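Right after this note come the structures.
Presented sequentially are two complexes of chain A, the first with chain B as partner and the second with chain C.
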Partner chain A sequence: MDKLVVAAASVVSEADARAARLGTRFGRLDLSSRLALLAVEALGVDFDALPRDRVGICLATRAGSLPTDIDYWNGRDAPGGPSPTLFAYTLPSAAIGEIAIRHRLTGPSLCLVGENTGALAEAVLLIRRGEVEACLCVECNLVTPALARMIQLPPAARACALFLQRSGDGLRALRENDRDVESLCVLLCPPKSAT
Partner chain B sequence: MNPLVNELKAKIVALFKLEDVSPDQIDDNAPLFGAGLELDSIDALELVVMLERDYGIVIKDIEEGRPAFQSVRTLAEFIRARGSS
Partner chain C sequence: MVDSTQASRPAVSIAGCGAITAVGCGLDALRSALRANASGLRPCDRFNSPRFQSNIVGSAPGNGDGADLDDPAWRLAADALRQAREQARDIVAAIPAERIGLVLSSTKANIEALERHAANRPCSDAARRHLRADLLAADLAATHGAKGPVQCVSVACVSGLVAVQQGAKLIERGAADAVLVVGVDHLSAFVVAGFSALKAMDPTGCRPFDRDRRGLSPGEAGAAIVLARADRVPPPAITLRGWGGSNDANHMTGPTRDGSGLAQAIRAALEMAELPPAQIDYVNAHGTGTPYNDAMESAALRAVFGQRCPPTSGSKGMLGHTLGAAGVVETILCAVAMQERWLPGTPRLNVAADGAPASLVLQPRSVARLDHVLKLNTGFGGVNGALILRHG
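On to the complex of A and B.
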């Protein structure tokens, strides 16, 4: 069996997402997509060196699109109706699309919603089954203050990403944007079995 | 200088959160969609919402708005023709 390695890892915060400049479209994305996209960008992966149809994307999102759903709902009474741009992000998997568009990735993708989703295990399985050569594994933990009040969870805004591949040089050093390794641990920890 | 054109440029930069683009960098006649500002079909809908919200102009058929959305200049002419500026 081929050896799988974590070729790169990153963690980004809301402050990073607000300060980042990733092209004209970046500011139009919802915060969840900006966090996920920036976490992937911070990996520093050279996608030109990879077959783009053989790179998977596995996204774990703690609250799905609920933060954006709330913003969209709150705009329902505005003249002209709620924002069409926001509507495009009222899907938990929207960030996958943004990552795929930016890096022109056409491999399989998976979106898992909730806590302890086991996203890393799913990414490993995608590779082990031979569906992909490498896989982006992204965990987005966005609980906006409005959502926090609704679901009784503390606010959070960060994302982390891992790049798994069959072989490589191993984990690179953490970079400027990698402020918090706690999120990485969420991704790396196996899901808790139901008791 | 056309105040409405300048107003629209400022609105477009704010509405689409265009990074590293200032209103005065937008050419009056530059295409809004495709190249240039990279606006897309969802952004066209956002412009329709903006016209209703800020100018009271309701576009029920996107074909009606198509000529208006060619450039900032054509958009300003459309608003003037509707008597909303």
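On to the complex of A and C.
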């Protein structure tokens, strides 16, 4: 079976997301989408070199949209009700839309919620099945302190991204024992160097 | 382009289904509503407030007015799953628990727990736990004998279709011999307030593809499908033939005007199924009843089928928009229709909109052939999904 190539990897933190400027819309996004979008930006992939309908997006999100859900619902008693803009981000898959819009990627997408989602294996499968030529694999781990108090997860705020391709130059070939996005990103791209 | 190993993959069939929806509990309720073109949309006192655009919703039995459940997501999902497992009892019983997987599809899981937390209302530990969709999936798997792989899918309103695909992929790649696919979302002030803020609800109840449509009506459902290797399901079974996904890459909450994204997903599904468009006997549309969605879907169908669009209808006038459950419950509706050779109508549609498919089915009717059905869903974030089912 053909080797897949890890073409690029990134890790970004909350501080990176708060400092970044990626156009006028960026500041209006929820933190989860900003982290995911910035992680993809940090990959430095030239999407112009690829057929955009053949690039998939595979997103793993540890706590879904719960951090944004809390923010949205805290605004329920505001005049006019909760924010319609924020409502669009109360979906675990919201970052997929933002990534697709920014990079005009029209391929299939998948969002898995939880820990150890197997998102990397799903991205590999999308390529191996021939559904896409390449796949962005993004893991967003955002658990705000308010959410951490409500559910049993430690606070966290970072995102990692990988770009997998069938062939071409890259950091290294994907190996059989590469199991999860975050470990592989940290291995290939220590957090400090991503900024 | 689908890879050359497709022919060697095992086919995947539907072994059992279960549903609890606005039209009642169980497949008989769904079948009766399908034949009668009935609507389960009703005014609900819970949403009698100026802050909501409409109180007309699709509430499931036991979850509407007067109910005070702290874990409605669990109740809906577990009820549907129990029905589906019962229908597939003999098939499931022959498969070791380690070879049975579960894929959950939900957009909001048990969001009731967040509302209760914010209002300092009582909430059990289990209900709070099920605020996390992955834990809801884990608990469903643990209590329904699925010790194989567990996944939790959430891709906006395409979640259900993607979950069905994921279930099929688990079987195709040999990770499981059967997969319990469960779709669930419950009615909540959280969601109704959000759609109200977006001005996306029809104050009089949704009317998919209608000339005067003004928006959607939220609904709730628990829906479950037992998928199994086709060689374990007695014929004539309903088999998953192909699927496709795409992204509009256009807008977070609005679809493309030309339907190109959805058309791309339909073409991918047709290619995987190795079917020409003319072989599709019926299309079950996403059909939210919002002006833009229905126009976009009509454009996508024109792009793929030209002037020869198959009979098409939408089911959200019957069930409401059940979000993460929609793809699962509407696939079940298609399966029931195929078994009965009964073409579903479009409840609450009066006069078709300009530009809607000429083949729009207003009233259900018996048909001689319903072999290939195309199921469509679209969602926020520009996501599109298409699934092709085959009967026999």
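FYI, the second predicted complex is superposed on the first by the 171 of 195 C-alpha atoms of A that agree within 3 Å, B and C clash if a C-alpha of one lies under 4 Å from a C-alpha of the other, contacts with A are read in each partner's own complex, and residues count from 1 in each chain.
The criterion applied here is as follows: a contact is a pair of C-beta atoms (placed from the backbone, for glycine too) under 8 Å apart; a residue touches a chain by one contact, two chains touch by 3 or more.
Nothing here was measured: the structure is a model prediction, and the numbers come from that model.
Participant: Just chain B (first), just chain C (second), both, or neither: which does A:Glu131 touch?
Facilitator: Only chain C is touched by A:Glu131; chain B is not.
Participant: Quick check for you: in the superposed arrangement, does A:Pro84 touch first (chain B), second (chain C), both or neither?
Facilitator: both
Participant: In the overlaid three-chain picture, which partner chain does A:Arg18 touch, first (chain B) or second (chain C), both, or neither?
Facilitator: neither
Participant: Touch check for A:Gly27: first (chain B), second (chain C), both, or neither?
Facilitator: Once the two structures are laid over each other on A, A:Gly27 reaches chain B alone.
Participant: Who wins on chain A residues touched, chain B or chain C?
Facilitator: Looking at chain A, the partner in contact with more of its residues is C.
Participant: What is the shared patch of chain A, the residues that chain B and chain C both contact?
Facilitator: 80-81, 83-84, 87-88
Participant: In their complex, what parts of chain C are in touch with chain A?
Facilitator: Against chain A, chain C makes touches at 1-3, 6, 51, 107-109, 111, 114-115, 117-118, 128-129, 131-135, 137, 149, 151-156, 162, 166, 169, 173, 189-190, 193-199, 244-253, 261, 264-265, 268, 379-383.
Participant: So in the complex, the part of chain B that touches chain A is made up of which residues?
Facilitator: 16-21, 37-38, 42-43, 45-46, 48-53
Participant: Using the touch rule from the top, collect the residues of chain A that touch chain B in their complex.
Facilitator: Against chain B, the touching part of chain A is residues 21, 23-28, 78-81, 83-85, 87-88.
Participant: What part of chain A is in contact with chain C in the complex they form?
Facilitator: 52-53, 57, 63-64, 66, 69-70, 72-74, 76, 80-84, 87-88, 90-94, 96-98, 100-101, 103-115, 117-118, 122, 125, 128-131, 150-151
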